[in-house]
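As written, the chain order gives the labels A, B and C, with residue 1 at the start of each chain.
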Amino acid sequence: MADTFSSMQNQYKTILKKYIEDKNEVVLYQAQQFSKKILENQVSPEETVSFHLEAIDEFFPKLPEGVRDSFELLIEVMMGFGMAYREHQSLRDKQKELEAEINVAASMQQTLLPANIPEVESLDIGVISMPATKMSGDYYHFIKDENDCIGLAIADIIGKGIPAALCMSMIKYAMDSLPEQRLQPGALLENLNRVVERNVAANMFITMMYGSYDPRIHQFYYSGAGHEPGFYYNYAEDKFEELYAKGLALGIKRETKFREYHKRVEPGDFIVLLSDGVTECRTVDGFIEREEIISLIRKYQHMTAQEIVDKVFYELERLQHFQLKDDFSLIILRRKV
Amino acid sequence: MGIQSNVEVQTEWGIVSARQAGRNLAKEAGFSSVDQARIATAISELARNIYLYANNGEIIIEFLENENVSPPRRGIKITARDEGPGIDNIRNAMEDGYTTSGGLGAGLPGVKRLMDEFDIDSRSGVGTEITAIKWLR
Amino acid sequence: MDLELRTVEGKGRKVLYVGGEIDAHTAPQLKDEIIPLTEEQETKVIVDLTNVNYIDSTGLGVFIGALKSAKNHNSKLELTGLNDRIKRLFSITGLDEVMNIDEDKREEAK
């Protein structure tokens, strides 16, 4: 540091000398570059003033009376800036530490989400899930059993950020501990609700849609716990319908029953599940309506499921000027043949 | 150990005298004008805390020479001692953004950064003693 | 932005008039106002949302907390004056089935 310090001092001297000899924009540009270097090397404002004082002391040995003293006053006045500058540096370091900590937590959270999408010959599945900040309050889950039956869940935890993320890990472990009802949506939600109700604060709740797909008979069974309705695309009629399962959100009432719905899925049909970040997207022009989501999906429906969710996400992100207000998740499951 | 100055801090004049004593000693010790200003500012902040919150206290400024290390180190040690109310939560006071002396004072973390060594001991209802050292480079 | 909150107390019932947007920022204000009301034994707390145009999920959470609190103190919670978007939110989350929502008030107000 001491070495850099005196080299910084010399660089300043050189620039100042050049400027005094030949006032021009080139030197001023160098000075501007040098000011960046000053920040990089953490030279404080009062030190910068002292660079100047020492340089002019050397260049003009016969400084008028009082000029030198005036710089001492200036150094004193710069002390406040110097202290504020050092405080800023220390706060910035602290912020970096905090960010690093959150990054670790965020990557730990990623491991709670399924590492890959299950592959089934007759199905095409796409998923995207993006947190508004670093930690997410959205959760999704996939499972495939020995008969190629798929279980899938999408959940939205109230709020966002770290509190929601902590709650999300509870959901994940609760679901892991209830393996036997995996493919029975109603029973699964009923049990999950009991765990959640016992473990969350009074004003916390979670919404979830759970579905299971049996590719042997192409039936989709699903139940909802207060979750934002999804869509069902009917290929033969080229129509989008609402996919809604009435049910109370998790964590509100201990004994809650969940109705199970089912649907026969034809080739080309697809199921869209989403978190309410999708339909609660607010832009300057107001809310993004569900119809707009449908038209976005339509625009890309000739692509693969993964391409559709990626493109729809990109467009919604753009509508919000790339600043998500809420966590966002979108899953598409399509019957290929 | 050589010269030492004790300054009572009861009025703003006390703050000025403490600064002056610190600056004189710093100059004598051979500190650069920037370091002189830093030492004076640190003294100023500590004295202001005494003036604003303790009513009664003193600043002791001494010249330090440590010959047990090689090369021997020389520096200045500031001790601020008061019999004021003490600082309830030292950890809070040492956190950035928490200013004990209102908007103007840079507070204790600022003093700590201006100096090379810093130590604080405070007991509620008994008083506070802060020592800070700046070594000559 | 601040919420407008005004409580009118009557015999055995209290009406809380709310105005503004209930989101993550304003929800704590609502919570501080509504929870003490529900903590009195055997009271009917009516929340008038005629002047609320938006509630997000954190806001919804406050009503769930209030509902639980009312139940624990043998009190009742009733909501009135919900606009269509808010009504949909209560319906989707299933809260309309566990909460007392007065459907007609809004139309009278219109």
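One rule holds in what follows: contacts are C-beta pairs under 8 Å (C-beta built on N, C-alpha and C of every residue); 3 or more make two chains touch, one makes a residue touch a chain.
For clarity, every value in this text was computed on a predicted model and none was experimentally measured.
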item	value
Farthest chain (mean CA position) relative to subunit B	C
Inter-chain pair with the most contacting C-beta pairs	A-C
Inter-centroid spacing, subunit C versus subunit B (mean Cα positions, whole Å)	56
Intercentroid distance (Cα basis), subunit B paired with subunit A, Å	46
Subunit A and subunit C: spacing of chain centres that average the CA atoms, whole Å	31
Subunit A-touching residues of subunit B, taken from the complex the two chains share	32-34, 37-38, 40-41, 96-97, 106, 109-110, 113-114, 137
Touching residues (chain side subunit A, partner subunit B) in the complex	2, 46-47, 49-50, 53, 72, 75-76, 79-80, 82-84, 86-87, 90-91, 94
Contact set on subunit C toward subunit A in their complex	24, 31, 56-58, 60-62, 64-65, 67-69, 85, 92-95, 97-98
Of subunit A, residues touching subunit C in the complex	156, 158-159, 201-205, 207, 225-229, 244, 246-249, 252-253, 276, 280, 287
